[in-house]
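Should a chain be cited, it is by its letter among A, B, C and D, assigned in written order, with residues numbered from 1 in that chain.
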Amino acid sequence: MARTHITAVVNGDETEFLAEDGTSLLNALRDEVGLTGAKEGCGTGDCGSCSVMIDDKVTTSCLVFAPEANGATILTVEGLADSGQLHPLQQCFLEGAALQCGICTPGFLIAAKALLDKNPDPTETEIRYALAGNLCRCTGYDKIIRAVQEAAREMRGQ
Amino acid sequence: MAITEENPGYKWVGTRPIRPDGLEKVTGKAQFGADLMLPGMLFGKVVRSPHAHARIVSIDTTAAEAMVGVKAVITGSDFPDLAANGAHASDIDVASNAIAREKVLYEGHVVAAVAATTRDQAEAAAKAVEVTYEVLPHVLTVDEAMADGAPLLHEGMITKGVDPAPENPSNVASKILHERGDLDQGFGEAHVVVEREFTTKPVHQGYIEPHAAVADANTDGRAHIWCSSQGHFQMRAYSATVLGVSPGNLKVTAAEIGGGFGGKTVIYLEPLAVRLSQRAGRPVKLVMDRDEVFRATGPTSGTRIRVKMGVSEDGKITAAEVWMAYEAGAFSGSPVGAAGMTAIACYDIPNFVVEGYDVVCNKPRVAAYRAPGAPMAAFAVESVLDELARDIGMDPIDIRLANAAVEGTQASYGPKFPRIGFVETLEAIKDHPNYTADLGPNQGRGVSAGFWFNAGMMSSATVHINENGSATVVTGSPDIGGSRQSMALMAAEELGIPYESIKAVVADTETVGFNDVTGGSRVTLATGAAVVDACRIIVEDLRARAAKTWDVEVDQVEWVEGQAQHVEGTQPPLSLNDLAAKSGRTGGPISANASLNSRGVGAGFSTQLCDVEVDPETGVTRVVRYLTAQDAGRAISPDYVEGQMQGGVVQGIGWALNEEYIHNPDGVMENPSFLDYRIPVASDLPMIDCAIVEVPNPAHPYGVRGVGEVGIVPPMAAVGNAIRDAIDVRMTDLPMSPVRILEALNEQSD
Amino acid sequence: MAQVHFSAGLRDLTGGLAQVEVEATTVRRLVAALEEMFPGLGDRLSEASSVAINGEIFTDAEFEPVDSDSEVHFLDIFQGG
Amino acid sequence: MKYVAPSSVEEATSLLSTSPSAQVFAGATDVVPQLRAGRSAPEVLVDLKKIQELVSIVKDDTKWTVGAATPTANLTEDQAFSEEFQGLSEAAGLIGSDQIQNRSSLGGNLCNGSPAADSVPAMVVNGVRAVIAGPNGTRVLDVAEVVTGPGQLSLEDDEFIVEFEIDRMPERSGDAYLRMIPRTEMDIAVVGAGARVTLAEDGSIEEAIVALGAVAPTVVRVPEAEAALVGNTPNEQTLSAVAGAASEVCNPIDDKRGTIAYRKQVAGVLAKRAVLIAVERAQQRNGMK
């Protein structure tokens, strides 16, 4: 299988790695870059655990071929905190007990960030639909939705 | 929140601080099963049966072994033949499920495994393993498996629990029976009798993290396994059995676990990874794809259940007759036993017969799933009870109150109940505004209740006091939903020091004493009790050290809010910090272990209220409002108690409405993906309102009962009863999918 | 004498009896006494059951004390999730 | 497997004509699951997203031109487009989660060849045309002609869709698309129904197009429903005729997602509802209501 040399800005750092052409960006990030925050829950785009931002758009990295990332700017959960300062979403997930096992949490945080980037004041329904691509089997979503609401309030300065 | 007894002045227990492992989990640092990378690590891939039932004629691995990058290929013959060694039947089943020897018993059954230097090489090699099968006829449901002349999975299986024992083998592994009183008399006294038959499909625990294991074997027979499981001691025991080694030769480190719900109490990959690592001489990682998780790991049983119940005019249940058959999958061991014990356990019923059958069939071996066995039985019984209440015009909470088990009631499964909180959960629902909220067109409201034993079992804990007076609490119970927090909260309460100065960790099998699995709602109860015991040993030790320091008798020293105080106040208090800093002078490091086989399990009850809206033209049901009331005994960590309650409810809603295993006639699963195995998504749900009821368990230092499981028992009937209320149709088959609801509506209008 | 109750599934070994009275101080001695009364029952009990003493359920409770007024039930073992 | 990302239509067509086993993709949201399931094993993966005209949305006086690989999120976030083609925009917005929406495209949704593709009935009712590039230049084909059966396309192996042409919405018109799924999101349509109507000045229906998804090997038009609507208002009688005709035209299968009987019945329900919404939109747009 052909391997491609990929240069991308990953969590703010210019990063170079080699990946087989048919491999997913998710596997490349995990195996080649060593960022295991994004998880594979399904490999078919149905669970959202591998969500990352590529050029400011959220997507499931399991459905992206690694070479597609060449030249892109990628944000994973590892890059969400800013110099040791947690993102408000991370802080609200912690304070609101919005995680149980935690496997889906990285994907939820990225998807929620993507939502709040676009819509700083979403309704509960808008949050639920925006996060419908992220499966959580532990929480029943209740505390996740509340944590996103709270983070949105904080980020709006309310 | 409904608290029935006042919090007796706890400082930490019952509060909502940030969990000890939270930071790692919101920053992506937490290491789950598939996250570990070791130098020189190989990737493995499992070869699985495409057939539901077949004899393995031959396995040819030569082509796979010759491929580039391939370092090891193993088959069943690489493991000891436990049957030939006269091992215990249940161990033989564990081994046969881990890798097939003569027959494959379900689609997805493991036949071989490979390890290679890259994922792609491993996948290619797995495809190159040539297996020749002689396909056998299969049975997929209890109906097929129990039919006369059905093909047999296990040719020597004689039904247990039948007297006299049957002469001929069958697919029925065992029969269970509970009875009391006189059924005929009971039904004779009834004003109304309702009888219904129900079916449920196998459903999967649906944890988001697929199974994963990394093994690194040494040449001396020892091996280190990293895996995400609900019990690394159990993984060690099972792996040792399958590999034929001493448990002491295996060290198992618990990775963070991405959900389990019972399904990660079973081994699948661990012994395969060890054997591959031994053959290859390098570490091996095995990770399942999602479709392997569905095809080959434990769903819970599909069932057929008949319930007949009678009530008097004033709503007293006079008799109940329950017949149930549970799919076990490929090996015996469905949860029909627990189903039989829990089916009518909420109620005080004078006359009953509960009869159940454990039936093998050609599907993956069932694994525990949250209150195993109870939800299906409750779906049937609580649906029939709803019909009875309607027939006699009684409020659904009132009819349950009229029959509710209380302290001293002789449970249907035998013993008398100690103090329990069922009535309190019913009252919590009745008192909640949701109970009288307005309903719109095509909306309906349903009530349902559930019981689960909860479990105790064995736990160990070690508590170390660090030199600055902070503490480390070490247990061997994998933290699946916030248990580190409850351990730390109880330790803070016992030691009288801030929660923030306690670190709670989960240690490997060589670092802490034995712990049974994280399951059965047992960790806060049993492992929590071990932590409390260890803390109390430490407090005793601290008092002794203070006494030594002051040159007084120990009974002159009290431990209050993290410091030693002289009872007469003649000495300045000695804080834990002071004692820890100078521990060398008073006897050395401050540390204690406690191990126990937990006693005093407290039963759990949950009552739930569901409002749905049904689109009568498409059969689509949406849950519009949901309330769950559950007796926690004591909510050590209310955030995570609510989380367990909400999570259980939502799994139940999925089970009620959409989740099911769909097999084609060849016994091949047709929906092994999160696209077509439809677990609830965020937009499917409302907020899940919680009423934590606290009727303390008298046998636990903090009154804990355990909260993980019972929440999944009532939802299916709660949803079904709400659908009945909305559109006048009684759904008796799960899932209550749009297709089934529209069929039922069409039948009704015909 | 402790009151010992058998679930219906055990009664094939007790000649159909649902309840007996046994003098014993621990679960182990109780099981031994039952084995003497009903050969085969002891093995079944120690292998595949938990025990409830006055409503409290135990697993592996060999040395749990039993009083003269204890109510003892043997239950099938079940698994938690 | 080799990944290539041509930067022009010509480069792409020449690649396709010289590679024996090539798979074009835009978002790969269907391609990756198919690769994983072993249903296809191309030697070359051709990423079309680097070709500029394939990722663009352009409006002129007569039509919209939407690049075939344009992420559907771009379409649903384009306010002017979404106001003009509410139904098509909503249909495009139903293809998977927000994550998928940043990758999925009309071209991919169509060329996956699934009878259940959400955007296709909505494109069919709006008369959308596909501009297809091949080694001999481009040709134009109605979207309704592109898919010939499940997974079967009327495109040659070395052809691909460059863009879609969508004539501007006429006055007094509206479109709608509804689908039935058991959950609220993340499902494949069990039944899909698209409708577009143009009203006469007196408010009666002048023109109607109804198309169904997931109920036959390809998306199907419902001519009898259209005929029943023209010249009428959406009263109980005409709607009942629409529902009946929709149920009648179905040729669905029993599968894990639904039954024949269910799909027939619900096709009628959704067709009726989609027509009503389309009419309402036509009325609102022209201040009739």
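By definition in this document, a residue touches a chain if its C-beta (ideal position, glycine included) is under 8 Å from a C-beta of that chain, and two chains touch if they have at least 3 such contacts.
Source: prediction; values computed, not measured.
Which chain has its Cα centroid closest to the overall Cα centroid?
Chain B is the most central one.
Could you give the separation in Å between the centres of chain B and chain D, each centre being the mean of its C-alpha atoms?
44
Just how far, in Å, is the C-alpha centre of chain B from the one of chain A?
It comes to 29 Å between the two C-alpha centres.
Distance from the CA centroid of chain C to that of chain D, rounded to the nearest Å?
68
Could you tell me which residues belong to chain A and also touch two or more other chains?
Answer for chain A, listing residues that touch two or more other chains: 1, 20, 22, 43-44, 46, 129, 132-134.
Please set out, as single numbers or ranges, the residues of chain D touching at least two other chains.
If we look for residues of chain D contacting two or more partner chains, we find 33, 36, 184-186.
Specify, in ascending order, the residues of chain C that touch 2 or more different other chains.
Touching at least two other chains: none.
Every touching chain pair, please?
A-B, A-D, B-C, B-D
If you look only at chain D, which of its residues touch chain B in the complex?
Touching chain B: residues 33, 36-37, 180, 182-188, 190, 256-259, 261-262, 265-266, 269-270 of chain D.
Residues of chain A touching chain D in their complex?
Touch list, chain A to chain D: 1-2, 4, 20-22, 24, 43-46, 48, 51, 54, 57-60, 62-65, 67-68, 111, 114-115, 129-130, 132-134.
Mind listing the chain C positions that touch chain B in their complex?
5, 7-9, 11-12, 52, 54-61, 64, 71, 73-81
Which of the residues in chain B come into contact with chain D in the complex?
289, 291, 617-620, 622, 657-658, 662, 670-671, 673-676, 678, 680-681, 683-684, 737-739, 742-743, 746
Residue numbers of chain A touching chain B in their complex, please.
Residues in contact with chain B: 1, 20, 22-23, 27, 30-31, 34-44, 46-47, 49, 76-78, 80-81, 86, 90, 93-97, 99-106, 109, 124-125, 127-129, 131-146.
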